[in-house]
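Common to both upcoming complexes is chain A, partnered first by chain B, then by chain C.
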Partner chain A sequence: MSHHIEKPTDITVPPTSLWAKLPMIGGALAVVGLGATLGSAFGHDKARAMFSYLFAYELVLSIALGSLGFVLIQHLVRAGWSITVRRVAETAMATLPLFLVLWIPIGLLGLHELYPWTHETDEILERKRWFLSNGFFFGRAGLYLVGWSVLAIFLYRSSVKIDSLTDMGEKKKVIHLIWKVSAAGIFFYALTQSFQAIDWLMGLTPHWYSTIFGLYYFAGSILAMYAFVSLATMALQRAGMIKKAVTAEHYHDLGKFTFGHTVFWAYIAVSQLIIIWFGNIPEETEYYMARMGGGWEIVSYALPVTNFFIPFLYLVSRHVKRHRTAFAVGCIYTLVMRVVDVYWLVLPSYGAHGEGAHEPHLAVHWLDVAAVVGVAGAFLAVFGWLMNKNKVIAIGDPRLEESLAHENY
Partner chain B sequence: MSSFGLLAEYENPAQLYAACERVRDAGYTKWDACSPFAVHGLDKAMGLKPSTLPWWVLGIAISGSIFMFFFQIWAMVYAYPFILAGKPLFSIPAYVPCWYEATVLSACLTAFFGNWALNGLPRYHHPAFSSRSFARVTDDKFFIMIESRDPQFDATAAEALLKDTGASSVEELED
Partner chain C sequence: MANAAPSTSLALPDDPNVRGDIVLEDPIEGREPLVRGDRDFHYITEAVCRGNELPLMKTPSTFVFGLLLAFAGFLLFGGYVGWLFWEGPGIWGNNNPVSWAWDIVNFVFWVGIGHAGTLISAILYLFRQKWRMGVNRYAEAMTIFAVICAASCVVLHTGRIWLDYFLFPIPNQMQLWPNFRSPLEWDVFAVNTYFTVSLLFWFTGLVPDFATLRDRATVKWRQLFYGALALGWRGSARHWVTYEKAYQILAAFSAPLVLSVHSVVSFDFAVSQLPGWHTTIFPPYFVAGAIFGGFAMVQNLIIPARAWLGLKDIITIRHIENMNKIILLTGSLVGYAYGMEFFVAAYSGNEYEGFTFINRAFGPYWWAYWIMLSCNVLSPQLFWFKKLRTNLYLSWIVAALVNTGMWFERFVICVTSLHRDALPSSWEYFVPRTEVLFLLGTFGLFLFLFLLFIRFFPVIAISEVKTILPQANPHWEGYAHAKGGH
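Up next is the complex of A and B:
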């Protein structure tokens, strides 16, 4: 039975909490991490620094981009349950303009080191030249990055605007505009998130192709987003915010989606593997061949177990999803495994082309850590800054009460 | 003819909900609530324990999964070894589709038939069907029935309790 539930009042960051310091902490991490990584990009470790940077960029981008997808879907399906946690995802989404800036080193510094098609040529690459050419590549990157930024800023600003509106008519106007933009935005999001994975990750091995690759990135991205949003919401509650607004019911639903996308990721990963494995064509198997030697085979064999069987059996129970600490463990595990997954996507291509080309081998470099610290720090700085700037919950949403009273049956 | 139990009729879900809490707190175990639609939270008001169905589904799904994995090894490697597309006889990627589908199928069948079994279905007749007022359970009335096989059932006490919860009528059901 739904009772009348009072609107939460603990909706701003307390000045003494760690959240208030997050922009500073994130900023410091960004300066150190990005400084070390991009500094090394001017030394003899340039190639390694660029690969580490691309890995960190794609890793953190997957959370911001996943949040954009989540927010668009919530608006399109008129979701009621997620309103209390939507602002966290919206804030993660609103960091997308940062990724426009962070892409510059990839485009200006690393293109030659990262993408063999920029300087190598053969029959196959010549046929792909219309797509893999500098002009078109930069044009596409600009379209994705500017498009995401505009979409994210619009959705974030509109949602924040509703916080302060009191007139239902005005609220409706804003919400209806959000719905219309979301309807078009979901197509833009689906295509661009697939094509960025094709451009920036599949482009590392230009002969190789897999039509499901964009979906593979999407599955991992939305999975990381659910884990991140759940953890950030828990952190908000620990710091004394939205204490009563988010309940076990919301975590249960976030948990269901985390669980579901774990299965989805495995489904896509196996679909890609089976088709390539059965087809047995050199251009296609190249991708897996690079990951079946030099220590990478350990990761390749471990991924189905660590990224599917373990989280599947762990998250399948409703008791785990509804238990705060147990679910937090699952989310942290999911994020760590996302790191492994993106690492496995990017780093086997390191050193496989150009002068001194060698067989790929698995060796974690300090630059990998530095790059993740830098990019994640910058992300957290912007995320924390926006969290402090506005309410931590979409307090003005006309259907907030529906979400506050949400229950699973 | 022996008595099956008592049937109490309520006008709205709020009454039903409050009555369920009273019956639950009175300590009855063999009783049920009937409503034309799902009343959210009624399972809590009735004090129902979570269903055991998930454990059946999980157990049988894992068994089905393990069975299909080894079944394929037996079929492809021992019973009818046949080289396909130059692949090894023991090839996990080739087993995945059947393996996966068998897991899903055993989980779904368990969920479907387990649901019937745990609900005591199929069942062709119920004593409540002989009550004329009970017909409106599919329309706009709400009911609680306390069965006489409940260990603490006492017709007078149960009737007093149900009347006290605001039932618009209480009648006895014949078995």
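Up next is the complex of A and C:
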């Protein structure tokens, strides 16, 4: 080929940019937010603090876990287009060990407040003891969290290693190993991401069950990941990095996937709703009944509009996906709506069990904000630290040139 | 980039019957060429039209034999349907609800087959997966014929088929309206929309190729036949612009149909309260299964066809491998759904759910369950190994196993869930008798249509495949450059 594409050179964080300060900023937010939330967990607001914390944890985890899924899929399908943005997702994925640490408050502090099966009993719960028991629960959590961390660290390190390799034979060795690990990893990812949703979210209402629940979390998680990766890439470009490496063509594709997963999320959500509504069996409708009173019905009725119709009509446009500011608006909106979705998954269970149990009612608490600030701050601190530590683009990937020249036609 | 690696093709042997089967290493840089050999635009036209332009009397005898065999199957179908009209659906044993399964099993089986065609033509088009261009025409044709077979199952199973128009919401003097809350009614809309859009999509893609055949025609009937089908296509720039737009819009319309049709089919089961049917994962699980079975059918058809038609340079081993990867993916998704159903049945603490699944695996129909599981979940796992997924014989065998498994999946869902339902009076061990002839007959119908398609229609999207040749790349610098390498 005669037209050689130049490899980007603006691939490290400039020391004066906000990115260089991100670890500090994130760390400060984490200290404030986590301090306030976990501090309250030792006071009389313990239950509320734990619910807010779980909400924030699952919200931010969905970005990190979605990134793991994205990276695994990119390797397995030998994707070329995404290489210029893959490092951003890899870095978000590499924060997964943080979630091992952040899980400790859920396991040590909040188990009793969050999960009624730990102390309540009835005939049905007794039949579920084989699965819903402390030992097995902790064992599973350990498996998910350690497994994700090991997988994420391996994938991240291997990708960074290729950055400095020049010999194609050595690169090939690393890449072949990545491919093999990804093949096994996708099985592990599919099962563990579903079962963490079953354990940590479905377990909030231990009588209720839905086979599609793991997919519901997956859809939202991948969606949040696409919005986050797009926004982070835009922020890198604003700070003067990878200026020419990421073009409207890449945003167009990221936008298509954001659009596609908006539809996918709605498809999964409506499948669950129609089947449960139509069947009208009390043990299943319980989940929706809890979300149809006390102000929650407003969120329930709004979700199809705010999380499907509006982003659908907005993101369907080719112009929006290729226009940086317009697409940024779509991504921010998508992330905000992801917050609403996870909030709607977790908080209706607050106060529904135990002493002083009451009908669920929608009441936003300052702890919800504090918890999100804390967990997201910790996430951004690790994310920013890794971004500063290594190149912001997978510069050594043998297919980088293909990605740089990527066009949608 | 897709078109930038002509040097690898030079290392391949000259025999076009061998070249297409040679497995190249997965490149970590650049891409394998989609069409093998130093082919020019004209070669593509020649290779595809050759089969269509053979004089009628010179049709190879093997082909005539195949066509007659398929026609015999079609006659079987016609004969059996005639008997069905005469006697009524009692010959399907429909006096007992367990036996209703037969027509439903076959309907779901056939309508599922079609999904691979729509996925290849619509979703892979929107994803700009250029390898699809070698296989999309077959797959789309398969979709149309599979939906025809599926429709025959539902149209015929209603009992009084002369009242089938009741299915449509036609205002009638009897004030009898279909129940719009019934998923069976949604099925009518879903399948009809699906068939219409698929047909339009297929035909739109065919128009430029019909024009090619028309322009090359040397006898009057072919001129008239292809001339009528080509709708006055002249290949002007304006035609192409309109064509591309129409294609894009139809692809966008078809993409949600990949999900919607089989989701609605799954609602037929899932909105009931029957354990084994009523479970929330059904819609995505059915869609994955449909794509899975559809790709297996594409493999079963295309592996022999590419060899027989001498199209190995256009449909290379890489195409087969890619489709095997999709079979592996969707097979694993189906396995996830089986596992999740079983897990939640145990997790729910609901004894009816629990019984249904234990009964499925170890009850009277245990054999159907284990056929389903081993064919659908275990056999595709062989495709983790490159050696196995690039073996043509093994690919064909696994695809046949998958088709068997997917048929049994529907059998397991319908029959084993019904045969121990809440009404013990309808408990029965269902054994199909003459109904098997009906299933064989639909295969006859399907193959008959498919062979006619191969004989008279361009089996490869000529104009699309030309766009993925290296010469079509704006940066291509001539044959000398390609031959000399970099």
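We take it that the second predicted complex is superposed on the first by the 407 of 409 C-alpha atoms of A that agree within 3 Å, B and C clash if a C-alpha of one lies under 4 Å from a C-alpha of the other, contacts with A are read in each partner's own complex, and residues count from 1 in each chain.
What we mean here is this: a residue touches a chain if its C-beta (ideal position, glycine included) is under 8 Å from a C-beta of that chain, and two chains touch if they have at least 3 such contacts.
Remember, predicted model here, so these are calculated numbers, not experimental data.
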Would you mind checking whether chain B and chain C clash or fit side by side on chain A after the superposition? clash
Between chain B (first) and chain C (second), which, if any, makes contact with A:223: first, second, both or neither? neither
Examine A:212 and indicate which partner it touches, taking first as chain B and second as chain C; both and neither are also allowed. second
State whether A:131 touches chain B only (first), chain C only (second), both chains, or neither. second
Chain B versus chain C as contact partner of A:194, first or second or both or neither: second
Is A:274 contacted by the first partner chain B, the second partner chain C, both or neither? both
Using the superposition on chain A described above, determine whether A:318 touches chain B (first), chain C (second), both, or neither. first
Mind working out whether A:402 is in touch with chain B, chain C, both or neither, as first, second, both or neither? second
On the A-aligned overlay, A:283 touches which partner chain: chain B = first, chain C = second, or both, or neither? second
Can you tell me whether chain B or chain C touches more residues on chain A? C
So the chain A residues that chain B and chain C both touch are 1-2, 274, 278, 409
Please give the residue numbers of chain A that touch chain C in the complex, ascending. 1-3, 78, 80, 124-125, 127-128, 130-131, 168, 171-172, 175, 183, 187, 190-191, 194, 198, 207, 209-215, 256, 263, 267-268, 271-272, 274-276, 278-279, 281, 283, 398-399, 402, 405, 408-409
Which bits of chain A are touching chain B when the two form their complex? 1-2, 270, 273-274, 277-278, 280, 316-318, 407, 409
Quick one: in the complex, what on chain C touches chain A? 1, 4, 26, 28-31, 126, 128, 256, 259, 263, 267, 270-273, 278-284, 332, 336-337, 340-341, 344, 346-350, 384, 475, 477, 486
In the complex, chain B touches chain A at residues 14, 17, 38-41, 43, 54, 58, 85-87, 93-94, 96-97, 100
